[in-house]
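What follows is one structure encoded as structure tokens, with my remarks underneath.
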Amino acid sequence: MTGAAQIFRILPEGILILTGVLIMLFEPLLAKNASRKPLGWLAVLGTLVALAASLWQLQLPFGTAYFGTIQTDPFSIFFHLLIAGIVLVTLLVTLDAAAPNAESLGELFALICFGASGMMLMASADELLLVFVGLEISSISTYIMAAFRRKSAKGPESAIKYFLLGSFATAFFLYGIALIFGATGTTDIPEIANLLAVSHVPVFGIIGLAMILIGIGFKVSAVPFQVWAPDVYEGAPSPVVGLMSTAPKAAAFAVLLRVLYTALPALHNHWQPLIWWMAALSMTVGNLGALRQQNIKRMLAYSSIAHAGYLLVAFTALSADGIAAASFYAASYAVMNVGAFAVISHAGGMDDRLTLVQDYRGLAYRSPLLAGSLAFFLISLIGIPFTGGFFGKFYVFASALHSGLVWLTIIGLVNSGIAVYYYLRPVVAIYSKPVHSDLLDSIPAVTVPLLLALVLTVAGTLILGIAPGRVLALAKAGAQTLTPAATVDTTTAAR
Amino acid sequence: MHLVLFFIFGVLCVAGALNLLLQRHPINSALSLIVVMTSLAVLYLLLGAEFLAAAQVIVYSGAIMVLFTFVIMLLNAGEEERTHGSKAAYMVGIPGAAAVLGILAYVFLKQRGNLGVATLGSYLVTTHDLSRLLFRDLLLPFEVTSVLILVAILGAVALARKEH
Amino acid sequence: MTSSLHLWLIPLVPFAGFLVNGLLGRRFPKALVATIAWVATLIPFLQVLNIALHFSSLTLPYTERVATWIAAGNFRADFAFSLDQLTLIMLLVVTGVGFLIHLYSAGYMAHEDGYWRFFAYLNLFMFFMLTLVLAENFLLMFVGWEGVGLASYLLIGFYFTRDSAAKAGKKAFVVNRIGDFGFLIGMFLLIAHFGTLSFDGIFSQIAQHPEWQGGFLTAIALFLVLGATGKSAQIPLYVWLPDAMEGPTPVSALIHAATMVTAGVYMIARSHAIFDRSPFALSTVAIIGAATALFAATIGLVQTDIKRVLAYSTVSQLGYMFLACGVAAYSAGVFHLLTHAFFKALLFLAAGSVIHALSGEQDMRVMGGLRKKIPVTFWTMTAAVFAIAGFPPFAGFFSKDEILYQAFVSPNPIGKIVWFIGLLTAGLTAFYMFRLWYLTFFGESRADQAAAHTPEPGHHAEKEEHKHPVHESPWIMLAPLVILAILSVIGGWVGVPAALGGHNEIEHFLSPVMHAQHLSFEQVSVALQTQPQTVASTTPEAPEGNHSLELLLAIVSVATAVIGWFFAHLMYFAKPELPKQLAAKVHGLYSLLLNKYWIDELYGAVIVTPVLLLSRYVLKGLFDTGVITGGSLALGYTTQGIGSLVQRVQSGNIRSYAGWLAIGAAALLLLSYFGFGAHLPF
Amino acid sequence: MLNDSILSLITFVPTAGAIVVALLPRRGKLIQWFTLLVTLLTFALTLHLPAHYNYGQTGFQFEENHAWIASPKIGYHLGIDGISMWLVVLVGFLGPLAVLASWKAIESRTKEFYFLFLLQQTAMLGVFVALDMFLYYGFWELSLVPMAILIAMFGRQRGPQAAIKFFIFTFLPSALLLVGLLWLYAKTGTFDFVQTQQYLAQNGSTLAPQALWWVSLAFLAAFAVKVPVFPLHGWLSDVFSEAPTAMAMVVAGKLGLYSIIRFNLGLFPEQSRQIAPLMIALAVIGILYGALIALVQQDLKRFLAFSTVGHLSFCVLGIFCFTVVGLNGAVYQVLNHELSGAAILILFGILYERYGTYDMALYGGMAAKLPRMATFYVITALSLVGLPILNGFVGEFLILSSSFRVHPYWGTAATLGVILSAAYMLTMIQKLFYGEESQLVANKNVPDVVAREGVALVPAVILMLVLGVASPYWIRAISGAVSGLAQNVAHATMTLTNTMAEKQ
Amino acid sequence: MAVPIAYYLVLSAILFSIGVAAFLIKRNIITIFMSIELMLNAVNLAFVAFAHQWHHVSGQIFVFFVMVVAAAEAAVGLAIIIAIFRTRSTLNVDQVDLMKL
């Protein structure tokens, strides 16, 4: 295969990396306290190109490159598009929320680009080593971004928590890879499936699987590895939270899907119960924890735990529909969550002027646009029909129920009922009469980038809810490429 | 011979690790960690990974730990006081760690029959084999690590830079 | 005459009057309002008269379907009117007396604000009453039934600023509703067994199944009776009628004496085919009637408010009619209904004229000596008093006598008992009516005592300040008095029994309705044309031999009346101090009667209060607040409690977090290795 | 041809209106007028339905059926039958009334109000016309949101709590409903109502009976809360007392009742038959319970809430008699209740605008000052009491007679409600309008019913009379639809008894 | 005189668990970070052992990459630690619990 053709397989990643490098090059050229916004727009441009590139990849023939370490297929492209989209919105939000000459803003933009490239690599990697590297790129860049509120005591704290616990989990993840390597003698994902069949220590595969689940479970903040999420979300700058609560998770889920369905389908009756429990617990713990939460970012952190649970439900379906549902849910959750954080970032700025739910009381009077969109995203998070949130949930549980997982479905939907309570409190607060208007007055006027971001996210949420056809088709195509998982007989699962 | 060496350095590792755990002063912990790493390097040699052994000593014991000690000095961290911030760590954490050890050791020993044995010089990885794999099959990951490093530098600069 | 009679016009014209006055009346001058109301009642009256003239030429019963009202599944009810002898009599009473009272009201209400409202309501009442009478099925009858209730509710509460009036109106409606409950259940039973509510349909089915005796028919009959007791103010549901006197006097005359309250009697007579099959139901009716008659009469003895006396006498007279129906002497009942309509309406109107003369005074204790001052009123009232007391040849005599006779000769074992009660009641009636007569018109005027005693808050109360001297009412009020007086005298002559040389025309007139029912209508009409005497022979007319008995009974009853008169004369004319002494002597009894046996209080204590307490404290306080609301709250709080437990994990300490991670990792490892294998938890 | 798109048009005209409202400037009464226009237009469109409805044929009419989402197979399937047609018309009719009722009551943030209000209209219309169960569920849930927000924004002081309470109460069971829908989909592979019905009718016996039973229960629970049926009415009184008039008008009743008829009777006749005794008992209890509590309520809105519980229980009673008469009565009673209930709510709203309180005790003797208002109150109250020749009577009579036929004792008990309803309604009238003028009334001079309010009330009152005397016009359409249902259930009972027989 | 691979693996398991325990017990953030390094080293040992087991180089390559990552993490981690020290002027992990619940 020609070098050019190979390059095309990593085109989006390459473009993002290039953008990051360019930003780093231009950053020193700018005057000390000149606005860093141009760099942001440069990053936006780069992301757009990357987006276009991954769309273009759809036209190219699918396949692997670089000796089978990386693969482009509808599945990876789906997540590439998703990640690029998230990053795009995040950049716009940052442009809106950050002061023009805020400290090391240029680095932030660069980091976002690099991190995105890492996540994309995770999605398309066909080799555990590459997965690991990509994971580390995304993780380390998010650790750093979490620490960007250096003035406040909370920023570094959230960073150190995220960092230490993250590395802790990474060690488990690594051990898992080691064990799988021990079981099969390879770290090439498609290879694993074949070699595991002939392995004489398959039990290592099982243990390794569990270890990998621990690592990924941490990244996606699934119970019992969710503890870090609330604190980190609270301390990190809102735009970054919007990013880190969606993109790395999506990438991690992509990895998990690939590993479980491409590498370890044979062990499905080992990992299905594990994920069953993780899903059920995540949904329950997340929703219950959020009930009494006053800090809106912490609340959304708990909600993200719950949503990780909903998403994991799709994993247990053991069907192509399940995979498609998972992918779709990742997308719909990302869109509405990033949207919500866009509003929060604008309202609170980089240093969280508005923290409590009560601070948003009467936002509707101050700015109907912000209020309306925030309410809309929260309603979509509840899962009201004609929003992406609903269709995602619907699809997930439809596939789960189709595989006979009645109880999981009931648990999930009852949970979504409980969730109403805490999602609705902000909505109601927003539309109640204001109490302390000084905070509301501190909210700046809506800027162009924010407007763009809101338009994108609102439109996305609506499209995913009303006309999900195209996205669904892509997700299904991706699911098909993850065979033989699709052929896992659901009869064993139906019990 | 092999067995003896394994036991000596294995015990050394464990001792160093425990020492890291027991020492109150970070510097001592750092030094005991260096002990662990160096003896690990020997074990690598025993397993026929000579290049890794070298890298272990240079990169780990050399670069990384120096960095650690440097930071310790910089922040002149003193004896750590045994505050009691966390019950959970003892209540659930230690049992958890023990359980992890238990199950891993159990599985490994149970499978020892299915696993082979290591004899000195039975399997030697030359730099040549390494680089073949590294710069051919795993070229992409290797190149991508550059991004990782870049990110790390960027982060370090951004975070450690003095506020203006 | 074969062409359509347009019966539907009869109720609809008053309705039109109601609409015109109700919507625009406020802007009209009083004269116009009154005229509209008159026309709206006069036209039906004339139409009824016209029908009456051609009556002989009609094939009866004549029915007229206007439109379908309800058609669902196999159930169907029409707006359909029917006409037969019974209907005709009722129509004459309603439209005739109704028209007179409309006239009277124009004068009586002249000084009232809300004049237009009053006449609108009156017309509305006429509409519903005529619907009730003309209805061809129970459902349409029920429309009128409820409608008249509504009208009476509105008219009783006419002086709505007076709390007592508003309450009385409400009481009337609600108590009536209790009766309607019975009526409804009765109808449901009818539907369940006959699949229809049309009279024709039901009665012909009954006729075709002579084997049907008692059983479900009894049930139906009893529920209908419950309805009737509500509307006709019988025990146990009579309590609303006395309070209804809060309404303007013409209303009392029209609704609470002449027409509406007789609806129950009419309904029983109408559906006698059902009652005939259920001796038990009949006896019940008889007993209720007798008991009510006596009971109300005793209360009437001591009341001092002139209208209340009349009210209780109405209840008592209605008891008579029930008694009649109870002994299957429906014609007699209807006959008494007719005469009673005349003299009771007259009594009320006259009383109204008295009140009018005394500018709102209703308390007889401060009346007296009015004979000279308002002669016309006096003479008309006298006619009425004699009529109700049952002196020949006044109207009341014949109807009451017929009832007592029928009761006496009825095969029903309780016949004799109810006859005796009726007789007793007759005496009491005579007594309290003459008491009223004396107190009002004879002796010296006790008006000066009015200063001491504050008059009833009558409707003229607002005009107390310019209290003008006692005066005779205007002609427009007197004319109806005179007409009714004449009717009270001669009204009974349509039913002179054979024993007194007459031959009870009304009995014969009604016989096809009352006795031919067990043939279907068609057969009846055939039978009527071919050999009337066979039908007549079916009537339980007294055999020749009993004429002596009938005569004897008549004499007895007259005698009782005379006795009653005598005592009244003694106590309220000869020795006016006597009543007080008597009252002092038998004080317990006296206060018992004065307080109407404390029945209202009893109902209050036994039914109303418990229901309210139950609702307020048990249902609202305990259950709804406690269980329903509390339950959901509790659920919410438990969930939140668990939530806070979950939060406890978030201690904020990294080492603890690592601890949780470690244990979680261990758990996962153990599960995966020793775990369920292929088993899902559920 | 208009018939092919009329339902979509009806459903989405309000949405279009909402979008325009969002763009309109906040100037004067512009938004009110525009919304009024939109609602009137919608009403006019709904009138197209009875005009072109083919009364002869049963089944659905004005159908639209397009593919929407390929997989999971979801269609855009609309259609109405005799039941839903009149409900659609009713919603259309109540729209302008609601706008007029809110005209004065809502001064601030009118844009938000009318935007959400119109969205609400779409949701409700959608519920009635949707024949694809996914679509139906969409509208069903969607109808909750604007409601909750409006209650929170424009409610009285405790509005927010009420909003959340309402939302949770109605959302939780809906989640179970969704489980049921998904289960059905997993079995039948379609969300289309008609196909599902056929599937269940033909090979429902192949499905696990307990599972079907639970599914039907999930459906019923969701609907029963929305009605609300007796023990599940916890949310109603709070919502009523807090919500703005326009929302209180639509919050309870028709959605749930319609859904019970359409889905529980339509899809699960056998299960419905099994649960009928319980539902009838609850309905009768609800009738008496609501009436008794209304008898002692001081707050007008709460008073109305409980009377509503009573009235709606009548409909439930009629439904679960499974007789043609009963079902006719039930559907008819839904129309009646929505009409009269709306009227009385508007009247309460008018009173509140003038005197600023819902406390009965503070009122008294207004009839002299406000004769017109008194008249409207009396007529409406009488229609709620079920006075013959007003609308309330026909429905009640049909329901009670059929229930009496099926369950004499429950029927009798239910009929007692007739007495109580008269008692509390007239008590209310008396407290408000009769007797001495209260302090509040005496000290405050307020206008009688003004033109705008009259425009809203007079049509309602006229309609009460018309519905009361000309029922066949409506019932002929309803009858066609419900007779099919009744047969369903009857057939189901046959199979049921057969299975029973086999069991023994 | 051969050594079963299993022994190496058990050793790695021991080191790994000690690392976990150290993470739980140590209070000084830097030391905690060291214990993570210890865990990584344990993993490395496992990799090398398995590489020997399978006679497959990619295991050793992996160790290689782990080292790189460790270095990167060290850089970033220590930077973060410095940032913490600047804001809190403490390295005691028990005092870094501003955000909770």
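In order of appearance the chains are A, B, C, D and E, and numbering begins at 1 in each one.
Here is the rule we go by: a residue touches a chain if its C-beta (ideal position, glycine included) is under 8 Å from a C-beta of that chain, and two chains touch if they have at least 3 such contacts.
All values reported here derive from a predicted model rather than from experimental measurement.
A.B. asks: From chain A, count the fewest steps through touching chains until chain C is reached.
C.D. replies: 1
A.B. asks: Please give the intersection of the contact partners of chain B with those of chain D.
C.D. replies: Both-contact set = A, C.
A.B. asks: Determine which two chains are connected by the greatest number of contacting C-beta pairs.
C.D. replies: Of all chain pairs, the one joined by the most C-beta contacts is B-E.
A.B. asks: Sort the other chains by how far their Cα centres are from that of chain C and give me the top one.
C.D. replies: Following the centroid criterion, the farthest chain would be B.
A.B. asks: If you average the C-alpha positions per chain, which one ends up nearest the average over all of them?
C.D. replies: Taking the mean of all protein C-alpha atoms as reference, the closest chain is D.
A.B. asks: Could you tell me the distance, in whole angstrom, between the mean C-alpha positions of chain A and chain E?
C.D. replies: The mean C-alpha positions of chain A and chain E differ by 26 Å.
A.B. asks: Can you check how far apart chain A and chain D are, centre to centre, with Cα atoms defining each centre and the answer in Å?
C.D. replies: 42
A.B. asks: From the C-alpha centre of chain D to that of chain E, how far is it in Å?
C.D. replies: Roughly 65 Å, centre to centre.
A.B. asks: So the centre of each chain is just the mean of its C-alpha atoms; given that, what is the distance between chain B and chain C in Å?
C.D. replies: Using C-alpha averages as centres, the distance is 103 Å.
A.B. asks: Can you list the residues of chain A that touch 2 or more other chains?
C.D. replies: 129, 133, 136, 140, 143-144, 147, 150, 159-161, 164, 168, 203, 207, 230-231, 406, 418, 421
A.B. asks: Residues of chain D that contact two or more other chains, please.
C.D. replies: 168, in rising order.
A.B. asks: I need the residues of chain E touching at least two other chains; which ones are they?
C.D. replies: Expected reply: 9, 16, 19-20, 23-25, 27, 32-33, 49, 53, 58, 61, 65, 69, 72-73, 76, 80-81, 83, 93-94, 96-101.
A.B. asks: If two chains touch, include that pair; go through all of them.
C.D. replies: Contact pairs between chains: A-B, A-C, A-D, A-E, B-C, B-E, C-D, C-E.
A.B. asks: Can you list the residues on chain C that touch chain A in the complex?
C.D. replies: It comes out as residues 636, 639-640, 642-647, 649-650, 652, 654, 656-658, 660-661, 663-665, 667-669, 671-673, 675-682.
A.B. asks: Quick check on the complex: what are the chain C residues that touch chain B?
C.D. replies: Chain C residues touching chain B: 649, 651, 653, 655-656, 658-666, 669-670, 673.
A.B. asks: Along chain B, where are the residues that touch chain E in the complex?
C.D. replies: Counting only chain B, the residues touching chain E are 1-3, 6, 10, 13-14, 17-18, 20-21, 26, 29-30, 33, 36-37, 40, 43-44, 46-49, 51-52, 55-56, 59-60, 63-64, 67-68, 71-72, 74-75, 77, 80-86, 89-90, 93-94, 96-98, 100-101, 104-105, 108-109, 111-112, 115-119, 123, 125, 129-130, 133-134, 137-138, 141, 145, 148-149, 151-153, 155-156, 159-160.
A.B. asks: Report the residues of chain A in contact with chain C in the complex, numbered from low to high.
C.D. replies: Contacts found on chain A: 160-161, 164-165, 168-169, 172, 203, 206-207, 209-211, 213-214, 217-218, 223-225, 227-228, 230-231, 269-274, 276-277, 285, 288-293, 405-408, 418, 421, 492-493, 495.
A.B. asks: Show me the residue ranges of chain B that touch chain A in the complex, using the header's touch definition.
C.D. replies: Interface residues on chain B, with respect to chain A: 103-104, 107, 110-111, 114-115, 136-141, 144-145, 147-148, 150-152, 154-155, 157-159, 161, 163-164.
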